Amino acid sequence: MQETIIDKDTRLLVVSAHAGDFIWRSGGTIAKYIKHGAQVSLVILSYGARGESNDLWNDLNQTMENVKKIRRQEIEEATKQLGVTDYEIWDLQDYHMSVTDQDKERMLRKIREVQPHVILTHGPKDAFNPDHELVSNFVFEASVLSTSNGVRLEDTKRSKQSSIFGFEPHQAEISDFKPEVIIDITETYEQKVAAMNCFKAQKHLIDYYSAKALIRGNQARRCSGNNEYQYAEAFTRFFPYVGGTFN
Amino acid sequence: MQETIIDKDTRLLVVSAHAGDFIWRSGGTIAKYIKHGAQVSLVILSYGARGESNDLWNDLNQTMENVKKIRRQEIEEATKQLGVTDYEIWDLQDYHMSVTDQDKERMLRKIREVQPHVILTHGPKDAFNPDHELVSNFVFEASVLSTSNGVRLEDTKRSKQSSIFGFEPHQAEISDFKPEVIIDITETYEQKVAAMNCFKAQKHLIDYYSAKALIRGNQARRCSGNNEYQYAEAFTRFFPYVGGTFN
Amino acid sequence: MQETIIDKDTRLLVVSAHAGDFIWRSGGTIAKYIKHGAQVSLVILSYGARGESNDLWNDLNQTMENVKKIRRQEIEEATKQLGVTDYEIWDLQDYHMSVTDQDKERMLRKIREVQPHVILTHGPKDAFNPDHELVSNFVFEASVLSTSNGVRLEDTKRSKQSSIFGFEPHQAEISDFKPEVIIDITETYEQKVAAMNCFKAQKHLIDYYSAKALIRGNQARRCSGNNEYQYAEAFTRFFPYVGGTFN
Amino acid sequence: MQETIIDKDTRLLVVSAHAGDFIWRSGGTIAKYIKHGAQVSLVILSYGARGESNDLWNDLNQTMENVKKIRRQEIEEATKQLGVTDYEIWDLQDYHMSVTDQDKERMLRKIREVQPHVILTHGPKDAFNPDHELVSNFVFEASVLSTSNGVRLEDTKRSKQSSIFGFEPHQAEISDFKPEVIIDITETYEQKVAAMNCFKAQKHLIDYYSAKALIRGNQARRCSGNNEYQYAEAFTRFFPYVGGTFN
Amino acid sequence: MQETIIDKDTRLLVVSAHAGDFIWRSGGTIAKYIKHGAQVSLVILSYGARGESNDLWNDLNQTMENVKKIRRQEIEEATKQLGVTDYEIWDLQDYHMSVTDQDKERMLRKIREVQPHVILTHGPKDAFNPDHELVSNFVFEASVLSTSNGVRLEDTKRSKQSSIFGFEPHQAEISDFKPEVIIDITETYEQKVAAMNCFKAQKHLIDYYSAKALIRGNQARRCSGNNEYQYAEAFTRFFPYVGGTFN
Amino acid sequence: MQETIIDKDTRLLVVSAHAGDFIWRSGGTIAKYIKHGAQVSLVILSYGARGESNDLWNDLNQTMENVKKIRRQEIEEATKQLGVTDYEIWDLQDYHMSVTDQDKERMLRKIREVQPHVILTHGPKDAFNPDHELVSNFVFEASVLSTSNGVRLEDTKRSKQSSIFGFEPHQAEISDFKPEVIIDITETYEQKVAAMNCFKAQKHLIDYYSAKALIRGNQARRCSGNNEYQYAEAFTRFFPYVGGTFN
């Protein structure tokens, strides 16, 4: 049996609530898609300045402007490690994040422009992060509306329904996360580590997601019998797999 | 993106509790695997003589022997329609079915002999059919034991963990069935209909599973945006998909 | 045992998010209630012009005004087929639908005016239709508030808590739908078909919901042993059945 | 709207794992069915001598024979209070209970003999009582087999599928119990109390199930708006309600 | 083994959607914490004037102002019975309750001011009370934001993540409530009864929550084997217990 | 607030299906209980010779006797590292494990002898290990029967209901495991590592459970705000926590 192939006609859209989410949760997978020639578009909705920059705010003179500047540099370096060139930062507020009608239209427009086969974003529940839940719903609804002929938007054309996959949240079990899809990232694991290291202040997260990659790799071996899998990332599916064969 | 390919190296093992289950629940998929050259092995555990032959028993002079004979002929004809040549009937009692240690060893041996990539059998819950639940567990456990080096059995060698997929039960929702995998059977749907028609006495089931195929086909289109899908069969997964790419 | 009887004192309120929902999901049941003399009030919240009129928008010169006109005619014809005379169209926007405080008061007022024994509307989850989820919540909350003495609204009086039943969504299992109540529609099935045929452009939905009616009819026979059931519609309950006897 | 009516053609079969279960969990409902003329058959599978007679065994000289004798007297008195005349005690061992093939045939025969519209027995899960779970499965499977023509048993004829309702277990929430059906027992509540008082040694249970009846009565009022409901018993359903109307 | 100790360094924050919730659902626990010297802060978000004052509105000349006055007196008396001195009433509208950004900041500020070890509030689901669900989410999110350094708010300092426990809703099972934590309130049960009696018009609720306390007490004995437990209150956990030992 | 204390009156019973389970899943917790003076009794039901000794069987001349010998030595060394002196090995067959009536009586007797406050064993579901599920049920049922006066067994006296906690299975999410209790093992983590290293052939498991300990430690910090937690083990609860205070 031969696997689905990633090539230059493969379009992947990644939507990340905060600066680091796309790296911790899908850095290896993104690097792999790029390595195999896929078109990867990345949307980073916020800098995570309020909710995911704890260490920076230990400096009492810290400013919002400076925090964003630091996070922007980290994003730039990390995307370089993964090979991502097509990315945009929307600079929404985080903690609480909210989305306006304009944001909704912008996401819809983005999906119709990219016409992604696969969308990667946050899954529907995250026990400790309300922003992630909002983004999950935001992206899902935009993907549904994007398929409807009657949702007219100048200069766009209706897209097919993308397959959507949800990131693993920080605390998987209490967020009701199920690893429905486990992607082998052995060949790009070093790139993921390099990208994680761009967020130097968050050493405990680097350790955490390194441990996760090892654990998911072990499970990948057990579920498949394929001993070449060493590191992996897990995702949940938004709807059933549809295709011509079992996979 | 290109799909997983079925070819002559693909090995599929199907385990059916009663005479008709493999047809109602996976006839189109089996025919497709055979059409594309896969090796398909079918185990039919019982004739379904007590629990799935209601109409035959309306004849008060009916005998067990005769019921089995009729079911055997139907199986023979139906497998012909699907192209299945490698099948065996274990002739266990049904309603209630039970399995002995010998049966367990026989299944283990079968799995190690076939070394299937994919096993198709009943899912873990069936609201109205205790036999199906027993078979689900029976096959699953055999597949787990088959991977263990320490479970020694003469003339067999350990197999890799097969992917297992569960049939759709008769009443899906109250059996907690989730259609995690929807297989397009448009190209073999006519064969499935022909195979179903070998069980002439069960017209209401032919209507039922034709309606199901249409419904799953509609859902396949909606979930994928691929309008060529007309008929489909749905399955549940026993464990996560593991692989190199999204699918 | 004798069944609950529908008569002229039976009041049924149906709330449909889009033009067609009340037909696909409850057309047979509505026709039956009317046939047996019940008072049926129907609220159609939107024309479904953006989200449920795909085929009409294939015409690039299509206008919103014209789509609504077509849908209005279809509604008129379909309600005629079912015998519904008391209906209103709120003309909310769909895809995304949202409700204002005025809409909330209007629904509350409607419930207090109709004082329905039974409310039929969308169930809490629909895997591909955010509008349906919004309507489910909207109607449920109005029904709760309508029972409270302290929620004062001129010219209305508090209603008893209505029983609420949820429509079957398009993709039942992935919307976590459970068929808790299956209503036999054999005697009005032809009317449902006639009503569905008023939406000619949506042939695939007519096929789909005809297949569903057959499947639910089969299940109705299996669950009850009553072989007169041929076609049925399934619903979920919002709260427990309360009564003097099992049913 | 008028309710389903209990009359002399209504047949109810109650299967109780231990001596007291049918009283604590369904005494009011049983009394009501009898009061309205239904045919009620009661099967008590064990005396509950080991698992539900704690107080009696505080006497160190207590014997199994004596415990059973006491429980038998209590059953006799309690059934009298409820008006039950058709009952049998199978005297299986409890804690752990197990059932043989003979027991299975006996239950099947009982169901075919009674041809019940409704079966009342234990629900599928009971957090602290493995016997209850076994009985739930035992009765359910017998009810399924009883409908099959091919399950031949001398002097019996196939029955229709009975509706099955599950008792409320002692600790409802942790047993995943959902009160899907709440039966008003206001008119027979005094009889239930009288029957409970036949088990004098278990005062804490009498208090417990009196409190439960009050709570379920309150919920019956809230869910229905019917303020005449004072006391009630809750049950779970084994499969969907099927019928001609909402209820 | 020795239990966690309540003392003067223990800080408990209780957030109640309506006037009576904190009494029905946690009155015994609050009284106990106070009795043992803990610092208890109580926030009552609304008077429950619209949704939880049915009886008062039977008087057609009733005014909102007067209802609030009566509820305020009841709160005053009830808190006295429990020993609560630190409480505040926010006077939000109920039925429907909604919260503004100002309310969110106020709650965040309250949490940072109190720095509670434990927060008691409504659990995530309440089958008949949308206000309770809103409050659950409102308090939970404030507790998460309160721990983040980047969520700057003048004159406040970041708090540790509080443990959050959810009240038992009125209809436990249909609200998916699980009694994960059962607190013995035997020593303060009389105080709870006295506090409940301050809401004289709601006799059916006093009966209801007295019955609940008895039932939870019985379960406390069964789960622990400790026969001194007579009355108890049940709560659900928002996240895992973390500690040095089993408990 | 002060924590529950472990001391010499604390009795912990650990039941492990195979040789290594108690180490991978609870080694740090066991060591901690011993370090603080608790009485820890360990029952190892099997050597895991068939199902958990894959590497040893790579030697084609391997014998069952020799595998057991090796595992026995490993157990001896590992228990030494943890400080466990009171342990017994029942030498049941594994893969499939089954238990006889004699085994059931033996476990019941063990529980009555130890009278444990806490029992640690496998949780109810393990996606890839049927033995673990069997043991979970086996121990739970024995614990229930042990509390019943009527279950007479010479030379034993009824025990109180122990609190039971379930091990984390190998693949947590697909086994529906929820980390309801997270125990800090920072002070004994080195002992756990030393014990794991007694199973040298299973390096991938040592890596796996080291990664798990780090991950659970991170979560312990996030859930509690206590930054001293570095390593932890997670467990599920069999029934609610009951006590005098929140914990």
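Each chain gets a letter, A, B, C, D, E and F, in the order it is written, and its residues are counted from 1.
To be clear about the criterion, a residue touches a chain if its C-beta (ideal position, glycine included) is under 8 Å from a C-beta of that chain, and two chains touch if they have at least 3 such contacts.
Since we're looking at a predicted model, the values are computed, not measured.
**Q** Name, by label, each chain that touches both members of the pair subunit A and subunit D.
**A** A chain counts here if it touches both subunit A and subunit D, which gives B, C, E, F.
**Q** Pick from B-D, B-C or A-F: which interface has over half of its contact pairs in common with D-F?
**A** Within B-D, B-C or A-F, the interface duplicating D-F belongs to B-D.
**Q** Just grab the chain with the largest centre-to-centre distance to subunit C, centres being mean Cα coordinates.
**A** So the chain farthest away from subunit C turns out to be F.
**Q** What is the chain whose Cα centre is as far as it gets from that of subunit D?
**A** Farthest from subunit D by mean C-alpha position: A.
**Q** Using mean C-alpha positions as chain centres, tell me how far subunit A is from subunit C in Å, no decimals.
**A** 38
**Q** Just curious, how far off is subunit E from subunit B if you go by their C-alpha centres, in Å?
**A** Here the centre of subunit E sits 53 Å away from the centre of subunit B.
**Q** Let me have the rounded angstrom distance from the C-alpha centre of subunit D over to the C-alpha centre of subunit E, please.
**A** The answer is 37 Å.
**Q** Among the residues of subunit C, pick out those that touch two or more other chains and give their numbers.
**A** 128, 174, 178-179, 219, 222, 239-240
**Q** So, with touch as defined above, which chain pairs make the list?
**A** Touching chain pairs, listed by label, come out as A-B, A-C, A-E, A-F, B-C, B-D, B-F, C-D, C-E, D-E, D-F, E-F.
**Q** Hey, which residues of subunit C end up touching subunit D in the complex?
**A** 1-7, 9-10, 32-33, 117-118, 147, 159-161, 163, 165, 178-184, 219-220, 222-226, 229, 232, 234-235, 237, 239-247
**Q** Taking the touch rule as given, give the residues of subunit C at its contact with subunit A in the complex, in rising order.
**A** By the definition above, subunit C touches subunit A via 49-58, 67, 95-96, 127-130, 174.
**Q** Taking the complex as given, what residues does subunit F use to touch subunit D?
**A** Residue list for subunit F touching subunit D: 104, 141, 144-145, 148-152, 239-240.
**Q** Of all residues in subunit C, which touch subunit B in the complex?
**A** The touching residues are 128, 170-174, 177-179, 204, 207-208, 211-212, 214-215, 218-219, 222.
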